[in-house]
Each structure stands twice: as C-alpha cells, then as structure tokens.
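Each structure below appears as structure tokens.
Look at the two complexes coming up: chain A is in both, with chain B in one and chain C in the other.
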Partner chain A sequence: MENEIHQVIPINPVPYSRSRQAGEAQTVLDHIVDDFQENPVAMQYFYDLFRQVYCHGDEIPHSGKLVGTTCIQAPEELIYAFGATPVRLCNGSYHYDQRGADFMPAKSCSLVKATLGMLSSENVIPKIGKPDLVVNPSTCDQKKKSSVMIEGMGYSVYDLEFPNVKESEASRVYWRRSVREFANQLRKLTGKRLTRANLKAAMAMTGRAQAAFRTLHNFRRQTPSLILGKDAFLVTNAYFFDDIERWTTAVEKLNAELAERQAAGFRAVQSKAPRVVFTGSPPIFPNLKLPLLIEEAGGVVVADETCSANRMLYDMTAVDEWLLSDMVDSLADKYLKPCTCPIFTRNDDRKRRLLDLVAQFKADGVIYQAFSGCQVYEMEYRSVAEEFNKAGIPMLYIETDYSPDDQGQLSTRIEAFLESLKNRKKRHA
Partner chain B sequence: MNYFAGIDVGSTAIKVALVDEQGQLAGVHVTASGSLFHKNSTEALNALLNKLGLQRDDVRYLIATGYGRKLFKEADDSISEITANAAGAFETGKAYGGVRTIINIGGQDSKAIRIDPTGNVENFAMNDKCAAGTGRFLDVAARNLELDLEELGDYHFQGDKAPLNINSTCTVFAESEIIGLLANGHGKSEIIAGIHYSIASRTVRLAKRVGVEDRVYFDGGPALNKGLVAAIQDELGRELLVPEYPQTTTAFGAAILARNDWQEENAG
Partner chain C sequence: MTAAKPAMQRLRDAVNEVDFNRFRFWFQITAFILFVYGGYLAIDLGSKLPFFSCGYNREGRAGVCYLLPLQHQLGRNWAVLFSMASLTILTGFLTFAAWFIVLNKGWCGFVCPLGTLQDWISALRRRLGIRYANYTQGQFAQLTKIKFVLLALLILIPLGIGGGLFSHDMSPPFCLICPARMVLPLFTGDLSQFTIDFSSKTAVVMTALGISVTALFFVGSFVKKRFFCFFCPMSALHYLISKPALLKLKKDGSKCTRCGDCYAVCDMEIKEIADDVKTTNIMTDDCTMCLKCVASCPETGALKATFVGIPIFVSTETGFIKRMNKGCQHGK
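Presenting the complex of A and B:
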C-alpha cells in the first residue's frame, strides 16, 4: 500500500556531457569561439580538443603510467624519460571549486579547491584516466596541505620537496637531491631504468614543444596583435593534458598561420587597443574570466607571467652535459633558477621578468590577478606595485576567484583601466 | 545650438546631464532606475529635453555610462563610470582650484579615484562585491529605523552621545545588529551616527588605497546626506568638496566627454 504514496528514487547518474561541469565548459568555449571574430583557423584544433575533453568527456589515450602533477615544478622530462605520461591536474572549474570547498577553509585559493574537488569527483578532468601517481611539489601552503587529502581520496601521492629560498647554494643542493629522489620514485613506479638516451629524447621532445611556444610568444610582440590572449591561454592550457607531440604540431601550424597573418598585415585588434601584460594567479580553462573581460573591453593580452603559460614553457633545458647525473642536475637547476613563483622568500626575478615583458612587448599596462586566498600572490603584490610605480607603468590589481558573480563589477574596473591607458597613450603621443 | 548628453544608468537611479558646446551644464534630470532600464533611460532623456524645450536632434552626441551603459543602445558610445566620474569631478573642480581625489558612493558600489593634474585617471579602487558601505546600506538602515532616507542626515547631529560601533561589514548582518541596538534601548541618532562612521571608515580606507591628494571631491547620491559628509570629513581629516548635484557628476562627466569626442570627430 505504502508504495503508492512513497517512492524510493534510485540514483541515476548524469552522463558527463549533461553535467554542470560540462555546461560550464561549453558556455566558456562558445564565448571564446563565437563572440570574437576572425579566430585563427589553426585554433580549431584546440577548440575541438577542449570540446572533446571538457564538454563531451572523451578520454585521451596515453602511453605508460599516468603521472598527475599539481604544479609546474615537477620535472616532466623525467616523467617522459621513464616512458610515463604527465598530466597537469590544476583545475579551473567553478563547479569543482564549490565541491572542493569541503576540503579547505572558505578563504582558500580557487585553484587548489577546484583541483581537490575534481580529484574527489567521479569525473576526473581532463578525461585521461586515474593517475597512477600524483606528484605534489611542496610549494605553497595550500598545495602542501592537499597531499593528505588527495591520499584520502585513494590516490598514491608523492611529495616532491621544493625549497623556498631560491638564491642559496643549500637550496640548490637540496633541490637537486629532491629531483634525484623523484627519479628513484619514478623508477619504482615504472620498473624502468633512467638512461641517458631516454632523458635526452625526453628533453628533445619537450624542447620542441618549448620552441614552438617561444615562436608563438614572439609573434605576440607584433603591433597591432596577430592573435588574442584568450587563444594563447587556451593553447598553453591544452599543454596540461594533450599528447605533447600532437600539441607541438598543432602549435607549429598555428605559428605558420601567424606568419602568414604577419606577411598579410593582418590585425586581430584595433591599432589603438591597449596592450596588457597579464601576471599573477594563472588563468586555467574554463576560468579565463579576466583575459576574456580584458579582450571584450577592447584590450589585448600580449604576454603573461603566469604558471599556466609563460612560466610553464618559456625556459628551456640545456642538454650539453655528458653524464646522466649531470643532466639530471642541470634539469633540476632549470626548474629552480628561472622560476618566478611567489612562494620564494625573495622574488626579484619576477619583477625583472615583468619589466622586461612590458618593454619587449610594448605593453601599456599590467593586470595582476590574485585569487582570493592565494596569499603569496596577494602579499607579493605590494613589492611588484612599488616596482611598477617607480618605472611609471600602470597596473591594475584584481582579487577574484572562480565565481562568475563579480563579472559586472570587474568589467567596469577593467574598462576604466583600459580607458586610462588609452588616454595616457593619447597624451604621450 | 548643439548639445551633448551623458546618461548614467545606475543601479538605483538614472541620471541625465546635458551640456552645450562650451561645456556649460544646461540641465540635469534624475529618475529611479526601476526594472525597465531601457524604457526608463529613454524617458529620462526625453523628460530633460522637454524641460529645456529641446528636440532629440539637438543632441549631437550621447555617451552612456554606469552599470547599465551597454543596455542603452541609442548612445553613440559607452564609457566606464570611473572615467566619466573623473571627467565630471575634474570639470566641476576647476572652479575650486582643482580636484585630485574623488570619493563616490553609489547605490551598489563605492569607489575612490585619484586623477593627475590634467584630469587623467591615475589610480582607482572599488569596494568588494557586496553592498557594505554603499547607498543600499543606508537604504536598509533607514528602513530598520522607520525613517526616510532624507532624514538620516539630520539625525546624525541631534544626539549628545558618541556614535555607536556598527561592527558588521555585511549589510544583512548590520541590519540585525541595528535591530539589536534598538532593542537595547539605544537612541536613533547615536545609531545613525554609528552607521555613518562605519561607511565613512570603509570609504576612507578605500581612498587611502589609491592615495589621497587635495582636493577631495565627494559625490554620488549619499553625498546628499550631511551626516555622512561630516563623518567622512572627520575620518579623512581633510575638507571635502561636495557638488551642488552630487548625483549627477558622472552623467555630467559623460556629457563633457561626449562634447570632446564630437568636437574631435568634427575638428577636421
């Protein structure tokens, strides 16, 4: 009798393509593709890739063990040298951010929360399968404290010890030892041996990807711009999970198209569009909120200093060492010395790099994004602002997170900043 | 005669200003935003034109600004309210030896702007994404105290007790705090002064973030509240320039920019 009144409704799993995460990705992707004109034809590869992976939930095939990384400080050349595939787990979804709020205090970084939320869900995105190992470099506090939580979700986690003073010799020694220990860990995971030939081949592979990135990066010096920043961010975001060789080929095609654009005198923006260098907390798809707001308002992001793009791919590894151990050491140095992450006690390199980018890319101003709760970026703002103030370079500081509800207010601030850059340029002319 | 219009489509009120070719203010009109932004904006513009005996064709160039700037499609251009506010305050301030810092409190945001001696925006800051320290906060407080918004200013000066501390930064929590203070028998004037000081200290912090330089201009609807003006002056320790029509500075600035743009386009 009671069956007529009460009903037990069984769980009916929603297919990924109809999940809220997929919807979020779809909305952003449509915006990136449809609301801007004359996107490069070669960008279609990346648009399709994101649609497959983020909107449909298609898996990307990979070879060997899958090693998830939560930060760019895990040397990917080593992972490739052991025949494994790295995948960067840093996530940009607001839905996962909300889900991840279960693990972290409310005022924590959206990126860390979203990554935890994603790892704790059924749908690990990018859809590449469950990582055999998660490498968590001990960089910022929030990432450090994530290890235990990720372990609690049933993953095997490796803490890659990372120093927080860059300049000292002790740090250098410590970090080299950490990297060697990481290689041991990978040997245990894969059952393979690290050889000079394998490491050299891995470095050549990432080297080719970095070279393609550099070429793309250099095309962005052109005034007026040949490509928008929203597309450039999408390209580097794809590097997180795409097959590296396929990715490199796609970027080379894009570069070829940009060369044609350059020869044809093409312009992706108006000649007076304010040129912006983007720095701070990294834009990660689908959270391209700020770059999109900047470019909707008529500005153009010409370069960046973030760990989802420039910092991840710009610095190349020298491979002229003869001995395997020296090669590993030089690899370790490449991950420590040029790093401009704010987790270091002092970070003059970041300021130098930013000033350099502004000069080389003829930028009119800088936009600094700090995710609420990302203390290191929030704290480093002061010293960076002082430096720019001295140099007479305008900077807009924006504290935000993955939630879309501040877009109205942010668009006002960004437009006002771009208007002031335009006026400034007018008066200087 | 050629006229130029600025229309500031705010969250609470729509403000229209008209200037002539010399940049002299011809007239202003203020109306509630309501829910039909577009219709109300058009009506506000027409109302001002009627008042001045002008035709739509007399307006050569129109710039929209404010929260709803993109919704008013009849405009020739749109500009952020920060740039428009700076232009309006700079122009108004000329008669007073120049303005370098602007404090604006609107219906749903508050901002501080620093401009250079030529009127260009140097730095600005806005409140976080909530209603704390904005006009809406005063609205809510007046309702709790069963007063009209216009009465708050006078009450500020009536009490003989020190202003009470309103500790909540959130409008909703402050509402319950105010109710609690009333329940404990505190007088309206000390509560109101406390509210004004709570807004003032938030606003002054915002201004200090951009760097305060003389002279400081205070505008936006809440600048009509003399009690709030006194509280900000006290917290800031500097004199304030409050314009005759504090609600319409931004619309006036947009009208000035409309005139400049039109003259630039028609110069050759």
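Presenting the complex of A and C:
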C-alpha cells in the first residue's frame, strides 16, 4: 500500500494567481481596463485593488474583529462603532457559484451559491481572513436557508431578524428591537461598549463615504456621460471589502477628476449613446457581465437600483438628538424604510424610485437583470414592467446567471434593445 | 459648475444649506423676548394673536392670545351675544385669521413662547443625556383627538356661561387650565397665578386643575418633545382654517424615498410626513411647522416650505450633508 502512494505523481498545487478562479477575474478586469478608452486616471486605484485582491490573491488587512455580512441590512455603523470591520460576503465569482451548487437546489440564485461556495472553500478570495461572525439578515428564502449551512462550515452565524413587511408600525418596532439585539451580539463578540462617541465617529465615517458616493452618483446625471457604468460598479463593489477611509479618499479623487472632466466638456460616450438604468439582481465583480455587454454595445449605464451599488450607499441617516438611543433608532429606520429589496410584500417604493431615476438621469430605457432562481426578482418583473409600460419607458428583462455561456445570445438581445432605444430617440427628436 | 451662479441662486443655496437648528433657536429666542417682554417697550400687537402670547402676563406681553378674548366674547349674556354687538366677534375672528394666514402653523414652531419653552426643556433633557419618550401608534391615534375636544369645550363652555348654565367662575375656561397662564407671567416675576382661588367651589376646582396641568406640562415636556402642542386647542383651530394660509409645507412624493429621516426628527411623531407620497400639502393637524423635516430631508426638492407659492426653504442633498456632518462632529 505504502509503495502505491509513493508512486502517485505529486501534483504541485498551482499558486492562486495561476488558478482558473484568478483567470476568471483577470479576464473580466482586463476587459474593463483595456477594452475601453480614456478610463479615468483615478480609476487606477480600483483597477489595482481588484488586480491585487482577485487576480493575485493578496491579503487585505483589517482591524479588530471581522464581521461578515450577507446583505446590506446589517447596520455597518454599529460594526464600526464596536471597533470591528464589516466585510460584505456576497460574491460574484462563477468559480464559487459552481462550488456552491452542492448546497442548493439546481435552480437557485448564483449569488447565494457563490457566497456559499466561497465560504466553503479553503482559500477564500477576497483574502480578508475568516469572519469572527457572519451576520445573515433574514431576507430572502435562499439566504435564510444558508444560515445553517454556513454554520456547518464552521462559522459562527447570527441571524439578524428582518421583517418582510415594511410599511407597518409593527415592523418598525420589531426591526428596531432586532437592531438593538444585534448591538448586544456585537458587544459580546468584541467585549467593547457602544458609546455615543464611537457610534458618532462611525456614522461620520460612513456619512463621508455616502456623501462621496452621492457626488459620484450626481456626476452621472451629465449628458453625455462623464464616466461609464462598469467603472461605477467597480467602485461600489470595492466598498464590499476595502478599507472605508481609503475607499472614500479614492472616490473623492475620482470625483475631483470628474469635475475636471465636466469643466473640460469631456464625453465618455457618444452623444447619442442610449442611457440605461440598471435594476434587479446585483452585478458583483467578476460578474459584471451585463453592464459590460451594455457598454460594449455602445450604451451607457447611468444609474442603478441594485444592492451592490445605489441601494447600499444612497440612503443617509438623519438624527435629531445625538444620543445613543436616537442614533440607533434612526439607523434602524434607515436600513428598513427606504429599502427597495424585492423580498418585501409590496414594491411601490421600488417602482417609484425607478421612475424617479429614469427621469432624473434622463435615461432612455431600463435593463432588468434577474438571476435565474432569484424568485423575488423574477416575480416582481411583472409589476415593474406594467409600471414602465404605463409610463412609456422601454425595458429589457434578462434572466441570467454567473455562467459566461449565454454571453453571445445576450449581446444580440442587448444590441437590439439599444438599437431600438436609439431609433426611438431619433423619432422623438 | 464653472460659470458663476446668479445672485438669486446663491442666496437660495445659502438659505437651503443653513445651519437650521441654530437659525431656529435664535429666531425663537427673539420671538420669545418680543412677546414676553415687549410690553415694557410699549409694544402692543393687539389681542388677536394666533399663539400663546399670554394675556395674564400683564406687564410684559406684546399682544394677547386670541383664545382669551374669544372666550370672553362667547361668554356674553345671550341677549347680547345674539345681537348686532356680536359683529365684534366676527371682526375679531377675521383679525385673528389675518394674523394666522401669514405664518400658518409656523406661529407654533417659531413664535409661540410656550412652544419655545418646551423646546428649551427638551434641550435641557438632551444635555442630561436622557432620551425622549414616544407614543405608540395606538396612543397617538387616540390622543390626537383631544385638541379638538378641548377646542369644542373652549367654545361651548363660554356659551353655557353666557346662557347661565355654568358659573362665571369658569370663565375663561381654557385659560384657567392653560399652562401658559401660570408659566409665562413667571418670566416677568409675576407669581400671582400660582394660587388656588377659594372664593367658590368652581373656582377651587378650576384653579386646582390649572396647577395640575402646569405641573403636568413641566413633567410632560421633559419626557416628551412638544408635549403640550399635541393637546393645544389653538393648534386645532389653526388646522381648521389653514387652507388659505400663505406659508405652506409641501411634499413632492415622486422624489421621496420614504427613508423616514423627516419622521426621525419630527417632534410631533407625524408618520405621514415620511409615508404619505400622494398628498402635496403635507401639513397635518399635529404639525407645528418647525420645518425640521425639511432640514433633515436628503432628497433635493422632496420637502419644501413655500410662501405664497414661492419656495423659501427647500430640502437639498448638500444642505442635508452639511447639517448631519455638523451633528456628527459636535451635535448635542
């Protein structure tokens, strides 16, 4: 027996940077960087960041305990206030998607599968370390059922109870209690106390990041566009794992450059390029398939309504009295009330926000991405389409996943859609 | 971005980005001094004012709250009440209405001395680091009716007195239980209202009730923001005649994300301000038009105060960010 083992030809494990997984990231990143002209200089920070983290597998340092979050509803201000670092675990890698298929039924959401695949692998990319706690807000069914599986992988998991009706007063009260309980959990985890001073400092930090995001968001109103959507998505994706202060500084630099571009009358796209609002399942690096297809085909994503970008950073918190209780309650409200996640019973807010984005950003049409298996987005398609029909706004609905196989077929559909938007524009002009 | 902004736009931006809480604090102090001490400077703005410039503050008052003469007028003998002499009731009301329509409920949020006093008591509580209390939705729905009941009583009881149904010792009924009657004269060193009148049973009951309400006022406004305003019959009267008012609180629902930031800062816990995206004229019966909601709205143009249709204070993203940054750094 022993002899046989010795006879096996040892396979040297390839370094991460030469793995198929790194290759996937490399291909997308090269595409983002090299196949478009005149990328903003300030984007180099983000290109380098993704190259280091996703292509080379470099480690990302963090301070304090590491708290993984699987949804935007986990209040990150609280995590920062306890001196811990949040990291968003939602993953966009096809490699992990395939790996995670072991855990979920065949027709499930790629994002959930990829997150499970990532957490179950030995070499987790982004390499930020093992989370001391995984916070899993009880949002959609697939995420809810992931809790136990993640626990089974050896993580300590906290189910943050999130209501699925958001209009009622009962849900507000319930959620505020949930958030307080979450703060208790963080206290146990970190052994630190939540104080007025540290929560205020945390809110100042996220407030600055949000202000920077909003500035970037506002620059995208400009026609013709100053920046492409693929870059904007990369920026917000970096927020998942990057150091928040460093991230904010980089975005502020980018904003300064966009201001210069605006002053110089710069155009990132042709003046007739169809302007698209992106909604639905979130594009997360390396799965920037749709935004890239849109922009390759001559369109431009000018705004989005997704939880990997706009929904994550847009809504800001107002506090009346800067006492701990008031701050925590205001934060809780911010994470529930404006949220346009499709897991809620009603989606009036989502429809209104989409209509407003189309109007404010002078969009010509909307592209709606639903990951196959993401039932809530698939089910909301009907009502959103009806709303747009009424308003006379064209929409393309695309059901897809992380697999690159459907790129050819999708690019044909997207090109046709953008062409029709152009024709429509001409007719209206 | 590069071209210089026109002067009007710059002025608008400056207003919209103002440190609102500070502005309102100083505005309220000025109004408080004017209406509690203005009398010493021989200022007299009449007796039809639409807020609690209390008539019992005899020396300092710069004008009198309309509720005092209204109750007196309605308490006339019925023979007089139903004669031509009562035209003065009508003219009085019109004068009151003329004052009112200028600021709408803005009188409550910016001018009323009793309102200002409650804000100061709240500030004291805040400095002590004690959190404020809230009503539950059910409590709110019940309590919000009380001000209309008080308004009805404020009209019916004087009518009853005039008709001989109630004792004259009940007149003026609301003033006798209004905390302003006892509290505002204090500021000019007049303690005479802090007494129980033993001249008759009715007088004992009314003055004792007055003292209890005043005690409740202090306790209530310490734990609850704008505690008394919730029950104020003047506020109810305002609401009933607010349609032609010049100052308006407007909401553009299409720009609202229902984030609830406005509700979070609302002293009166008005949920509609955040949740209602259909009504454009968003001032409710409980509103004091303090405009804190406008100052704390991050969506440009979603909330605004207009005067004769002209926007004078509009919610803006930049204004919001400035104000909240300030709060984060050294907010109290």
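Criterion: the second predicted complex is superposed on the first by the 416 of 429 C-alpha atoms of A that agree within 3 Å, B and C clash if a C-alpha of one lies under 4 Å from a C-alpha of the other, contacts with A are read in each partner's own complex, and residues count from 1 in each chain.
By our rule, a residue touches a chain if its C-beta (ideal position, glycine included) is under 8 Å from a C-beta of that chain, and two chains touch if they have at least 3 such contacts.
Note that this is a predicted model, so its numbers are computed, not measured.
J.: Kindly classify A:Ser325 by the partners it touches after superposition: chain B alone (first), chain C alone (second), both, or neither?
T.: second
J.: Once the structures are superposed on A, label A:Glu386 by its partner contacts, choosing first (chain B), second (chain C), both or neither.
T.: After superposing on A, A:Glu386 lies clear of both chain B and chain C.
J.: For A:Glu161, decide between first (touching chain B), second (touching chain C), both and neither.
T.: After superposing on A, A:Glu161 lies clear of both chain B and chain C.
J.: Looking at chain A, does chain B or chain C touch a larger number of its residues?
T.: With both complexes superposed on chain A, more residues of chain A are touched by C.
J.: After the superposition on A, what does A:Glu415 contact: first (chain B), second (chain C), both or neither?
T.: first
J.: With both complexes overlaid on chain A, does A:Lys337 touch chain B (first), chain C (second), both or neither?
T.: second
J.: Going by the contact rule set out at the top, does A:Lys200 touch chain B (first), chain C (second), both, or neither?
T.: second
J.: Can you list the chain B residues touching chain A in their complex?
T.: Chain B reaches chain A through residues 67, 79-83, 109, 118, 120-122, 124, 126, 129.
J.: Across the complex, what residues on chain C touch chain A?
T.: That would be residues 1-2, 126, 129, 131-132, 136-137, 253-265, 271, 274-275, 277, 292, 296-298, 317, 320-321, 324-325, 327-329, 331-332 of chain C.
J.: Using the touch definition from the top, list the residues of chain A that touch chain B in their complex.
T.: 394, 405-406, 408-409, 412-413, 415-416, 419-420, 423-424, 427
J.: Flag every residue of chain A that touches chain C in the complex, lowest number first.
T.: 167, 169, 196, 200-201, 203-204, 207-208, 211, 214, 218, 259, 262-263, 314-323, 325-326, 329-330, 333-334, 337-338, 349, 352-353, 355-356, 359
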